[in-house]
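There are two complexes below, and they share chain A, which is joined by chain B in the first and by chain C in the second.
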Partner chain A sequence: MKTGIGRDSLRGMVKTGVDALWRTAYRRVVRSAFATVPFYRERWALGGRTEPRLGSGSAEGAVSTEDLVRAAVDLAPLAGGPTGFDPVRGLGGLLPLARPTAGDGLLVALEHPGARPVWDLPRGWRGCLVDAEVDDPALPEVGAALGAGRPVVAVGPDKALDGFTDRVPGGDRVHRVPRRTLDRLDSGPYGVLHDPVLGYLGVLRDCGLWHLDWTRVYARRTRAGLAFTLLRQRSPRLVDALVGGGVPGRVEWCPRHATPVVRTVAG
Partner chain B sequence: MPVSAVEVLDARFDAEPDHWPELTARAGLRADWSWPVLAAQAWAARVPQLVTVLHGSEGPTGVVASGFVGPTTRRHRFVGPRRAGGLGGLDVRAPGTSAVPGWWFDTDDGHGGVHRLLAEFLPGIRRELGAGVCAALLRQVPEEALPLLEKRGRLVRKTEPLAHLRAVGDRDAWLATLPRKRRQHLRRLFDTIDDDPTTTVRTGGAVDPTRAAELLRVNLETHRDVPIIPLPQFTGQLTALLARPDVFTIAYTDPRDDTLLALGVLLDHPELPLARHWSALPEDEGGRPGLYFHFYGELMRWLHDTGRPRVSLGKKMVDLKRSMGAEFTDQYAAALPLVGLALLGLP
Partner chain C sequence: MTTVEVHDPRSDPEPTGWRRFQKKARLLPVWDYRLLGIEAWVARNPPVLAVARQGEEAVGAFVAMVCRTVRERAYAPPPDTPRRGLAPRWVEVYLPALSGHSACVFLPGVDDDRKRAAVLAFERAVVDRLGPGLLGVVYRAVDHDLGPVLSGRGRVTREIDPVAVLSDVGSAEAWERGLPDTLRERLGAGSLRVESAAARADLDGRELATLLNDHRARQDARAWREGQRSRVGGLHLDTRSRIAPSYLDALVRRPDVVTTTYRTAEGDLAAFSVLLDHEEGAALQHFAARPGSGLWVDACARAVRHTADRGRPLLTAGRTLLDRKAALGFGTRPLVSVAVPRPFLGRRGPSR
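Right, the complex of A and B next:
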């Protein structure tokens, strides 16, 4: 007879704990948005709600990212804060899961010129922004890192990754992490889930499932599609955003990692 | 005069009363008193916004707007989910503007309505909300009310005077009334802006409330020298306000890319329209210099076209407004303790 806690029941306990923490964090963000952020205050209150109880209306309280961009001025809380969107938010935190590497590496974010540098890199990592369309001045540094045997992880759209690995000497040794949008989730083997307004939302892990960055991102299913909330970004506050115009999908739990994953029709 | 009933309304929870359209028309209340605007404003306020209607035997006899400031009020937080009540004070002021008083009564008490505020409104609202209402701040108090207010235990202070611009004909007729130096400056400026193909001026057109909210935030940032910084007007409030037929905009745009360069919002009124908002894009963000001065010329044109006798320009920038021909009215603010009201022998 086996004694002690089995692996499955341990996973069940982890899932219960993560679920409780995750929902609590989301409810806290919703309450705070209603109490301090003009956009949500007006939208929810004038829509007939007097408390942060989500679930009414055709989109169940969710809002398209286009509407959020238009209303950027009202997304800062009353205490003030930036209203610019950060398309590289969350990338650094996802990096160790996106492409596990031995040792500290160099992250190459293939972004448009003028993008913000990646600011949340893991300790020991360095990062650079490269414009894949041109002979970027950062390319020699990338080549030097490759030559010294340091791991180089490049994140960007497929086309930009192709252009980058062609241009950089030793490009075949670059660890590619293609950027995917919610409506085009594939089976990998590598990938990060990205939205230009919310930043990086999740990662394809070794279990083959698209994991949410659950400590920073909450997702729920609404009639209008999957709605995402940034749990840690104070300003601009992004709550229940319909990424990609509203992509139908489900939030499930990974049987191996006991953390939330998204599954869309395409993915 | 005894009051038969006091009705304390909160537009967050209470539907528009049946008597409201008639009351606002009779009282000559501007667009910011329309119920959808009041509701939007009440939700996006720091404290409960109360609309108190005094009823006589033949219908409403007065209306007072006030905010209820309680101990849970926070600078960076919207009002909580409950109705006003408990310990607190009343901030009696018009919704959204500090250019006109926040009350109207059907009869003239000879004190600009302050006698009726003291005799009817304050006891009435304390009956409704409870004795926890322990103080009141009256704003936009006229000079003729001072004898009623200057008593022991109260604080009366002169605040910034309110500017009015009288209609004196069209823009040229108005220019002719100004001092020579200002006249020459304005003529040059008007010619420059009128002939500028990159600046279009439009009065009375539709303006996107989101863009208006963005632009009005610029002006708010430049006036942070007051003890309680008012909250900006958010998109939802502006949507409700700009949808009103008695709200006019004077919008400056760049026709090349449709950038909103500056915006003035006027709340119409047969006797005293209000220039409620003004904001202009800073020059380093693509704005044009001198649009504020040009706006005065457009205001005079609008007064001339609509036949309104004058327009209120609100407070602040006294010297500049005076040089543009504005006249000023003194106003006061009074803080009254309400605990032991009867003992103090009110009114």
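Right, the complex of A and C next:
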């Protein structure tokens, strides 16, 4: 007689647990934003929304990233905090899922000058920001890492990746991870989901689905499109942001990994 | 028999006859119930409106901030939050955005006995509403005339910084002629584009609020360095909140509010002022500018011109920088604050 828990039952239990944790984290962020962050307090209180998921207006409480950028000064909580946006936020945490590589590697983020360094890299990894449009002073270091046989992962838009691999000696050995926006999700085989205001939101995994970085990012469907919330960023607080101006889509669960994935109409 | 009803502008409907009372009591626009509602939602210590009635008629009103702490890093809980009766709180009868004007008003003709009855009824209503956690009531920046009505046994009265008042303006030209040369030279806005009008619908509340809150933060920091009088026992007793964009949005769209903006050639906001216009007197409520703009004198002069042109009897201009305002011809009107500890609230009548 067969005993024990089947694989499907185990996935179901994991999904239930992840779902509960995920929603709880989101509700906590919404309540905290309402209680402490001027922008959300004003918007939701005067729009009639005081509880999570009790939306008001056509966007169900969600807000475009353009509006968030305009209101940056009011996204810091009353106790104070930074108001600058971090376009590389979350990249380090997604790296092991984006391009599994062994050893101590080098992550190259192809960003415009002025972006913050990637700070949440896996143990042993180093990171650098490279402006792909110029002969960046970091290129020799990349070449040295490649020469020493260390893995180098480059993340950026397709065009920037092409320019970077052309400029660096041994560029054909660079592991490319193209950056995708929510309205242009493709089938890979590699990719990370990015927004210039919220940072890195998800990753294309080996199952072929776009996984959300669910411990740091929450997503929900609204009439105006998919709305994303950063669960761990205190300031600037970003809650229910309509990435890409509001892209229609839905949040589902990966049958293999039992964690949330996004599907868009375009993707 | 005087009764007092307490209304939370976040959730309660406008009190019956409130607009009629506003008109008869000649109240400035900050008493508008909708504005109070916006102010309350975005406040750490939200105001409630208490209306004193004799029979059906409203005879007095109080804007009372329900304060939880001076160091709170969160907004007040919504009105439907279960009440924690023992949480320490106190009440400040105060208009935080117009500090030189009393938040305790009565209809003209109400005598001191009826005012005292209303004050006691108000205090009892506040005790009933806030429960055992209430520490006391502070009447902040009330007119000197109200001092005797509010004072009494167990009540602490203190004279505070007065409000700047310019009365009998006459003509703006005469006022300008009377200015010292150094100040007259500072009139005008140079190359800035100046627009001034009531009911401004072309303004972005967020742009105004950002400039105003930055300006206030600098002003507060300076006042703190210079030993402001709200420094008690080493504590920074500031119960006010930031001015919210939506509050300014609603305020500057009113027909009785004149907003003057100063913009650079690129269209950036360099400064603005908000003047509350009323037939009983105008009030220069807000002025905010980038550091070192030097536009305050010009903003003040425009307020004086408006006051003179409209024939308003006086202009008030807040409680700060009184020496500089004196150079512009402003006198002062004395103000007092009265603190009433919990044991004396509504029980022992104020002295007669």
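What we mean here is this: the second predicted complex is superposed on the first by the 261 of 267 C-alpha atoms of A that agree within 3 Å, B and C clash if a C-alpha of one lies under 4 Å from a C-alpha of the other, contacts with A are read in each partner's own complex, and residues count from 1 in each chain.
One rule holds for everything that comes next: a residue touches a chain if its C-beta (ideal position, glycine included) is under 8 Å from a C-beta of that chain, and two chains touch if they have at least 3 such contacts.
Not measured: the values here are computed from a predicted model.
Novice: Based on the superposition on chain A, does the combination of chain B and chain C result in a clash or a fit?
Specialist: Verdict on chain A: clash between chain B and chain C.
Novice: Return first, second, both or neither, reflecting whether A:Ala148 touches chain B, chain C, both chains, or no partner chain.
Specialist: neither
Novice: Please work out whether A:Ala102 is in contact with chain B alone, chain C alone, both, or neither, and reply first, second, both or neither.
Specialist: A:Ala102 contacts neither chain B nor chain C.
Novice: Which partner chains sit in contact with A:Ala45 here, chain B, chain C, both or neither? Use first/second/both/neither.
Specialist: both
Novice: Is A:Ala79 touching the first partner chain B, the second partner chain C, both, or neither of them?
Specialist: In the superposition, A:Ala79 touches chain B and chain C alike.
Novice: Determine where on chain A the residues touched by chain B overlap those touched by chain C, and list them.
Specialist: 34-36, 38, 41-42, 45-46, 50, 70-71, 73-74, 77-79
Novice: Going by the contact rule set out above, which residues of chain C touch chain A in the complex?
Specialist: Residue positions touching the partner: 10, 38, 41-42, 44, 72-75, 77-78, 206, 210, 242, 244-246.
Novice: Along chain A, where are the residues that touch chain C in the complex?
Specialist: 34-36, 38, 41-42, 45-46, 50, 70-71, 73-74, 77-79
Novice: For chain B, which residues count as touching chain A in their complex?
Specialist: It is residues 12-13, 39-40, 43-44, 75-78, 81, 210, 213-214, 217, 231-232, 234-237 of chain B that touch chain A.
Novice: Which chain A residues qualify as touching chain B in the complex?
Specialist: Where chain A meets chain B, its residues are 34-36, 38-39, 41-43, 45-46, 50-51, 70-71, 73-74, 77-79.
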